[in-house]
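Before any comments, here is the structure.
Order of writing sets the labels: A, B and C. Residues in every chain begin at 1.
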Amino acid sequence: MKGFTTEARVGLVVILGAVVLAYMSMQIGLFRLGKEKGYRVFVVFDSAAGLDQKTPIRLAGVEVGKVEQLELTDGKARVTFRIHPEYRIRKGGKAIIRSAGLLGEKYVELISGKEKNYLNDGDTLAESETLGDIEALVAKFSEVGSDIKAVTVSLREVIGTKQGEEDLKSILTNFRKFSQHLDELIVNNQDSVGETISNLKEFSEFINDDVPDLVDSLKRVASNLEAGKGTIGKLLKDDQLYEKLNSAMDNIQKITQKVNNGEGTIGKLVTDEKAYQRINTALESLNNTLGRIDRFKTSVGLRNEYQTDTTQKNKGYFSVRLEPRADKYYLLEVVDDPRGTVNQSSQTTTVGGVSTTTTRLTTERKLKFSLEMGRRFNGIDIHLGLVENSFGVGAGYMVFDDRFRLGVDLWDFNSVDPQSPNPHLKTTASYHFYKYLFLQTGYDQMLNAGLKTSFVGGGMTLDDEDLKYLFGAAGSLVK
Amino acid sequence: MISWLEKIGHRAIEVLKKVGEASLLFSQALRWTFMPPVYFKNIIQQMEVIGVQSIPVVLITSLSTGLVLALQSYTGFKRFHAENLVGTVVALSLTRELGPVLTGLIVAGRAGAAMAAELGTMRVTEQIDALSTLAVNPVKYLIIPRLFAGLIMLPILTVFADMIGIVGGYFISVQYLQANPVIYIRRTTEFLEANDIFGGLLKACVFGILISVVCSYKGFNTEGGAVGVGKATTGAVVISMILILVSDYFLTMLLFKQ
Amino acid sequence: MIEVVDIHKSFNSHHVLSGVNLTIEKGESMVVLGGSGTGKSVLLKIIMGLLKPDQGTILIDGTEIIHLREEKLNEIRKKFGMLFQGAALFDSLSVWENVGFGLMEHTSLSKAEIRNRVTEKLAMVGLKNIEDKMPSELSGGMKKRVGLARAIAMNPEIILYDEPTTGLDPIMADVINELIIKLKHEIHATSVAITHDMTSAFKIGDRLALLYQGVIHRIGTPEEFKHSEDPVVRQFVTGSSVGPITAG
């Protein structure tokens, strides 16, 4: 700063420093400018525990002043409050020392008095209490504690004596026995009780609904029987029949006897322990297998591809996919390929010593099958096996929570189809939306120029949960 | 083995000798302070160099310190819901420790180095002898002004450092950390005591004297040409800084023990 | 009058001065000769009181200065003016502030008066219009002359020259020599110069003293030295590398 001499600069800095220092000192209350604002009120506490200079004084939660000074008079603490001039406090109130929080920061709570006059500078507040909130709580606990004590004392007298102990013991034993009996009773008769109850129910229903009709029918039957009408009537009256029945009974009896004795095949079967075991085991394993099958995740799907550059456009697929584990799967597909299978057949005809061989290509639109086995590693899956009636491999990569898949398939390495000399390479991009629907697009026959095409397609899949649901619904429809 | 011990002993004696010489210089300076002539112009000049010119650096350092301190204590204290204490912590740390110490270190680096270098060069070019031939006491002319400048300006710089640091802490707490401004200011002023501020200033005075004595001594007793000047300068700064930190410990014990 | 009595001084067991005795009469111009590192500067500083000898004493006009306290010493120093080898100008002050330094500190003259005096002294050493330049802007020769102006600013009774011509080109060296002679005649100050420049020595010295091996080997007039048979003196005067000085 030109013109601002060295002395001036230094002087300025020194003065500035002194000013800042003075400001800071004032802020921390080292010295005050002018007279102290506010008025003083004195209070005497039994104990000024935790009070300090500058401890806030609150009335109805609003800070009205600060503690200014603490003195000892006559073994008690005389505290000087400095109350802000704008607050007026009625006489006859009370000052209580309280704790504000768990850390125990103390403050003074002023309770305004009910007298008409207000406190002035130099007045003394008569009533004071030294009770923190925590302390009040502790006092309360103390009271409860003594009550509890009283109860335990009388309890002790009752139970604590020898006689009391004995009595208590016998009561408990009896009670235990009784509850045991009750328990057994209930267990033993649980079924009967249940049955009885349901029987009663049925019976009462039966009586209600059917008895009147029954009574009528019975009446009719009875009268028929009486008259010897009807089969039973005849039976009843027919002595011959009776004889026959008797002997039939005897025979049956003889057979059952034999069965019981283990004679005859059925008898053996029925009475043979081992046979019984074996059947049991077979049933169990059947159960397991079924169970395991049950644990397979199965999904079934249908899709169609519309090929843009070929004459016959649509190729349809029906697929079943089994996933015994999360990373292993089997894929079975039935493919309806418009191009069909091409077979080469050669015929040799000899005409007049000249042999001509004609090769014919026959195209059959047959259904094709794929059966592949695949493994999955995180987002990548690889499969191989029979693809559309030939050996093939494929791989795919899934992202976005398996909703989007990019796949590559390669099969039919030794085709006889003249238009498809190179293996069949197909790339597909699929996008699954909703749970069941998906869209596809891709390139097919990328290595065979004559057959190269792009395609779009879509389809739907259902998994076993859905199938169960469907079949269940179907089942109930049948009923 | 023996020769190694000898070396250590030799070194120790050297160091003590230098300490003794420096103390002698200091006491000489003290003695001559009160005897005329007093070179006021030089004192003012040195106050400008040491004090006024250090203000920008001190302010920046202190502001950053205040900001960082507030930021760090806030995140730490938040963990047990004591965010209200940030103002207090910033104010106390600055006035008692960081204000004087950081200012001292900065001035040692800036003005102390300049002192040592200037005096060293003067010594090496015989200017100090020339002063003597002109019947002017070089200690009075050169060293005492620097001592006084250090003694007076360092506390002043510290006052500025304290203020700016606290203001910085306030700003970042209120603007960025969403602290309540009224509570922040109250916490700052409530728990800050005169003892904190003035204790810090006392430290600053001691540091000022240390810097001046060490750097002047080193410069005054330079030997060996330009190389000597360089050595003297770095030595002066390093020793001043070490002494500041060590004496800080002792002063803290003395001033702030409970 | 300056009396150097039996001065001994060593630095780190290197005995530089081992009993120097010399008397310099008032108003005379004494040149102390000696090779480099023989202690000439040390002797000069001891005479000035800048260094304290290990043994011996210095008397300035009868007053022993060795044991004087700083304040009294300063009083004596006001009688001196010294020209340093490198001029030792205060680089933070301008030329006139340098030259007028002593006047500013020790007299109550006004700035204007001091400036006038400064201009005077500068004129005496042949310099004009450089009062407001800074020492860094001056050439070696100019610096030396300003230094000389500063040394004589207070009209001292004794002037000491530390290698006054060393480092100057022959023309400037002669200018300095002439100045020294001029001052001798105009101010009548006692002067003690140390040098190894024989031309300068012969020109400015009333008497020459050869400092050799820590003592004053020989004192004499320039004529006596020129025709001396003393081999040491011979070697020094002729400036030969062969001789007792280098053989020893």
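Here is the rule we go by: contacts are C-beta pairs under 8 Å (C-beta built on N, C-alpha and C of every residue); 3 or more make two chains touch, one makes a residue touch a chain.
As the structure is a computational prediction, the values presented were derived from the model and not from experiment.
Peer 1: Grab the C-alpha centre of each chain and report whichever is closest to the global C-alpha centre.
Peer 2: The most central chain, going by mean C-alpha position, is B.
Peer 1: Using C-alpha centres only, name the chain that sits farthest from chain B.
Peer 2: A
Peer 1: So how far apart, in whole Å, are chain A and chain C when each is placed at the average of its C-alpha atoms?
Peer 2: Once rounded, the distance between the two centres reads 105 Å.
Peer 1: Approximately how many whole Å separate the CA-defined centres of chain B and chain C?
Peer 2: The mean C-alpha positions of chain B and chain C differ by 42 Å.
Peer 1: Distance from the CA centroid of chain A to that of chain B, rounded to the nearest Å?
Peer 2: Those two chain centres are 67 Å apart.
Peer 1: Using the touch rule from the top of the page, what residues of chain A touch 2 or more other chains?
Peer 2: Residues of chain A touching two or more partner chains: there are none.
Peer 1: Give every residue of chain B touching chain A within the complex, in rising order.
Peer 2: 44-45, 47-48, 51-52, 55, 152-153, 155-157, 159-160, 162-163, 189-190, 192-194, 197, 201
Peer 1: Using the touch definition up top, name the residues of chain A that touch chain B in the complex.
Peer 2: Chain A residues touching chain B: 6-7, 9-10, 13-14, 16-18, 20-21, 23-25, 27-30, 54.
Peer 1: If you look only at chain B, which of its residues touch chain C in the complex?
Peer 2: 35, 37, 125-127, 129-130, 132-137
Peer 1: Can you list the chain C residues touching chain B in their complex?
Peer 2: Residues of chain C touching chain B: 45, 48-50, 70-71, 74-75, 77-78, 80-82, 84-86, 88-91, 101-102, 105-106, 150-151, 154, 160.
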